[in-house]
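These are the structures in question, set out in turn.
Look at the two complexes coming up: subunit A is in both, with subunit B in one and subunit C in the other.
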Partner chain A sequence: MKSNHFFKILNIGILSFIFFAFTIFANENIDERVKNLTLELRCMTCQNQSIYDSDAEFSNDIKKIVKQKLQEGESERNIKKFLVERYGEYILFRPLMNYNNIFLWSFPFILLIIGLFFVLIKSKGNKV
Partner chain B sequence: MSRIFILTPLIVLLIICIFSLTYLLSGKDPNKPPSALLNKDVPIFESSSLYNLKDVIKTKDIKNKKTLINFFASWCSPCKIEHPLFFEIRKKHPELYLLGFNHKDPTADAKKYLENDGNPYHFVGVDSDGLIALEFGVFGLPETYLINEDGKIIFKFMGPITKDILKNEIEPLL
Partner chain C sequence: MSSLVGFLSLVFAIGINFYLFLSRYIFKFQKQKFNLFIRFSSLLTLLSFFSLMYAYVVSDFSNYNVFQNSHSNKPLIYKISGTWGNHEGSMLLWLSILSIFSFFFSFTKNIDESFQRLTLIIQSLLHILFGLFIVFTSNPFLVNSILINEGLGLNPILQDPGLAVHPPILYGGYVGYSIVFSIAIAGLFQNTDDEWLYVAKKWSLISWTFLTGGIALGSYWAYYELGWGGWWFWDPVENISLMPWIAGLALVHSLMMVRGEQAIKKWIVFLSILCFSLSVFGTFLVRSGILTSVHSFAADASRGIFILLIFFIVTGFGFLVFLLKEPKKSNALNLLFINKVSALVINNILMIIATLTILLGTIYPIIIEVLYNKRISVGGPYFNATVIPIMIPGFLLMSIAPILSWQTNKIQNSKKYVLGFIILSILVLIQSYFLDFNTWGFVGLLLGFWIILASIIAIFSSYKVKFTIKFVKIINPHIAHIGVGIAIIGITCSSVFQNELDFNLSEGDKFIVNGKTVLFEEIETTNQINFQALRGKFLFNIEKNQSKQIEAGKNYYPVSKMITSEAGILHQWNKDIYFILGDQKDNEWFVKVLINPFVSFIWLGVIIMMYSGLIAVSRR
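Right, the complex of A and B next:
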């Protein structure tokens, strides 16, 4: 009878330990995700500092909202989208992969190809 | 014909240079990026009045009227600089609805500020947690937005507005 009571208490103890361990792990995991995400975001009121590194009021607000949204189960992609919709792409250190940016990155190569094409035509014309 | 082929890349390069120069000389400050919300619908908000918590303003309340939204606080010194201009705007454009959002300010301080400097706004909403400012993409006070009758943001200005900005940028839109 006494041992039964002991095992009940032991079981409750183990379950409580598991519960608290999970809670601590989940919080640490969220903090880590907040850190990783805010390192990719620009503090709009600072000189080239990330939101994570900055202690400005704006950065603290964004950290708070990012943490809240992660806790609500929102994906990092959705959080970035939420911030870009309000602050523009400028808030991201790494630009988005959209048509505008793809055009911007590929434009020098397009110019190079056009240039080579003209050089080729010219050199062919000279041979004839 | 071959001359046109040779000249085309040069013409393209010249056009790019003209575009770049126009942008550089336009006086746009790269540290002040354009608002992502410009020409988009005004964000959904709900705010209690500074003077009566039961008096609430919502996004739908500013539909069908031109509204000038100003984010301010008693602790913001540049806000004090532009503050008198809002009286001028209200006098010159009585049809324009002036909505002030008091940002992260203790109620008593905000009331005292508006008591001392005057209250030019038709409605002063409270944004104590800064969530309304976040929806508007505010990142420094003061910030001013002009909303048209369709509920679209047609103008945004970061920093204190001046007589020149009022005359050259805001008034043509009214």
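Right, the complex of A and C next:
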């Protein structure tokens, strides 16, 4: 019994510790940032391809704009905002986390909580 | 002529199935005769399919479908695969596979006779539904009214060996769930004993194995044909095949649980209906053309309505029977923290949440467009941010689940696992320090290695190692999980640690890739039967004698006036070096080189999972 709990707690503890401790040290250069941002943008002239993956003229233009804006020190949020104003939300592969999309973003986590409650209720009263 | 034979045998097959359905109420006949009729209708459906294939092979352009989708100067393999490279043909393929499953199911022995008959009658109903759909909206046997000597050609992107065999195997999975569906519904109606659960298990394993193979082929094709260096794009069509796959995985695991727990029966029926519903829904979404997708071809919106109707009939009927005739509740679940039952229940819940999340993400843009007339995208970043975190606890549980006990919450040899996990964490952490540290990379590697390690510890500490067939069957769950671990390592490395190099080169230039010198030899253009090829020739590692030649380029298909990219891939066991030839500018060619570490592990992991699926079919 005891070693079992110990095992579980250790498992979770180690993972979460390592997980959070090292996200802080992430340090990206400008090309890496351009890559990460353009991976989340849709190439408007292609079939379901990200701007990063695409070599279409449209994508190359956007890549240049993104790089330039990042070099000027603009934040990623502002760049996205600029692009959405120009091309619409369709360009974002990651839907905005706003009021309209609240259902989309919260849905998995609501299900997760329901699932958790289900397991807890069902396992209540089952004791060795 | 072949069109006539094909059409008549199709209609005749539907007629027989209608007769069989009526036989339940009007004309009764013996089991022997009933099964003969089923097999006869299956053979007729296959005859119909093969006569269409014959029309493709001999380039019979009097058939409108052949004229639309084929061309006489095309290699034989693409004439054959052209049969299902279009909407009508692929629906006929769907129906043929349904027939094949009915055919083999009619041979099942040791099964209650009336139960078998009921299952086959439900199959007949599905045959009638899809058969009528083909006859009325997607008839591949229409005849051209004027004489034509040449066809319009097959979409060049489909002219590829991988994609030629992809649809039959994928459909083997999709349509395989029809028999699981029928078994579950028949089980609900008869509700006698639990024999049907074992039958369902066999067939759901077969379907799942096919589906795994189909998805893997599709993503391998995307890897070398689309030429972006990735193999999974969270593309709608990919998501659609992933949903029944995950639900099917949950089903297979629930069916394992039957040995220990009876209470799960209701859930199994639910999953069986869900798997087939998702398969039909997937067909609807792909065929209706409402999705923008890299894989979309030959889509037509008007047919979507009919498939949507079939989807509602099948799903509505399935869940209605489920609600009216739900299995009696037996004893309550024996959930402990943590035994085998609770681990399986948690995993099942997580898989269903993942399935529903993928479903929502896939149809969300459609819903928004209908409601607000606004176009938005839900792509990879959304799924990575939701589905992967949901699956992680599942992966952790998976590593120890096979050795958990049914009844108690004791874990055998738990100290070994704790020790193993600590050592492994430190090793992966050290390794991550030397590479660039990346959180996802770290988590993925740790998970993958941990699943493999825990499975190996379990095999060696729980069983006596013997080299017999029985032993192979006993350790099969662990082997399947090792396959998952290997695939996770491959997925993590190839996506997180991918390296990209860009060059602008003229012929004769030398450049360095991965510490080796590469020579850009020349650009060559050749004429093939059905396309013109432009190839950049590269010589990798020119200093050594064992230099390798790589060709990357583009194909131009004059019949359909399309260009496809052909990546040049050098496969090594620990990495793929992936060459993409870009455009020419001022006498210089743009060349992109991607180094994808451990991609081969993904395919290896998938092959191991499929192997385990097949072994599990033979295990009771």
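Everything below uses one rule, namely that the second predicted complex is superposed on the first by the 74 of 128 C-alpha atoms of A that agree within 3 Å, B and C clash if a C-alpha of one lies under 4 Å from a C-alpha of the other, contacts with A are read in each partner's own complex, and residues count from 1 in each chain.
Keep in mind that, in the parts below, a contact is a pair of C-beta atoms (placed from the backbone, for glycine too) under 8 Å apart; a residue touches a chain by one contact, two chains touch by 3 or more.
None of these values were measured; they are calculated from a predicted model.
K.L.:
According to the contact criterion defined above, which of subunit B and subunit C contacts more residues of subunit A?
P.N.:
Per-residue touch count on subunit A favours C.
K.L.:
Quick check on the superposed pair: does A:S50 touch subunit B, subunit C, both, or neither? Answer first, second, both or neither.
P.N.:
Only subunit C is touched by A:S50; subunit B is not.
K.L.:
Is A:S123 touching the first partner subunit B, the second partner subunit C, both, or neither of them?
P.N.:
second
K.L.:
If you stack the two complexes on chain A, which partner ends up touching A:P108: first (subunit B), second (subunit C), both, or neither?
P.N.:
So A:P108 only meets subunit C here.
K.L.:
Contact-wise, after the overlay, does A:F58 reach subunit B, subunit C, both or neither (first, second, both, neither)?
P.N.:
first
K.L.:
After the superposition on A, what does A:E40 contact: first (subunit B), second (subunit C), both or neither?
P.N.:
second
K.L.:
Under the stated touch criterion, which partner chain does A:G88 make contact with: subunit B (first), subunit C (second), both, or neither?
P.N.:
A:G88: touches subunit B and subunit C.
K.L.:
Common interface residues of subunit A with subunit B and subunit C?
P.N.:
Touching subunit B in the first complex and subunit C in the second, residues 88-90, 111, 115, 118, 122 of subunit A appear in both lists.
K.L.:
Please name which positions on subunit A make contact with subunit C in the complex.
P.N.:
Contacts found on subunit A: 1, 3-4, 6-8, 10-11, 14-15, 18-19, 22-23, 25-26, 39-40, 42, 47-50, 53-55, 88-95, 104-105, 107-108, 111-112, 115, 118-119, 122-123, 126-128.
K.L.:
What residues on subunit A touch subunit B, complex-wise?
P.N.:
Touch list, subunit A to subunit B: 44-45, 57-58, 61, 65, 84-90, 111, 114-115, 118, 121-122, 125.
K.L.:
Residues of subunit C touching subunit A in their complex?
P.N.:
Subunit C residues touching subunit A: 228-230, 233, 235-236, 292-294, 296, 332-338, 342, 345-346, 349-350, 353, 356-357, 360-361, 364, 374-382, 385-387, 390, 396, 408-411, 414-415, 417-418, 421-422, 425, 429, 437-439, 442-443, 446, 582-583, 590.
K.L.:
Residue numbers of subunit B touching subunit A in their complex, please.
P.N.:
Residues of subunit B touching subunit A: 2, 5-6, 8-9, 12, 33-37, 43, 104, 130, 134-137, 139-140.
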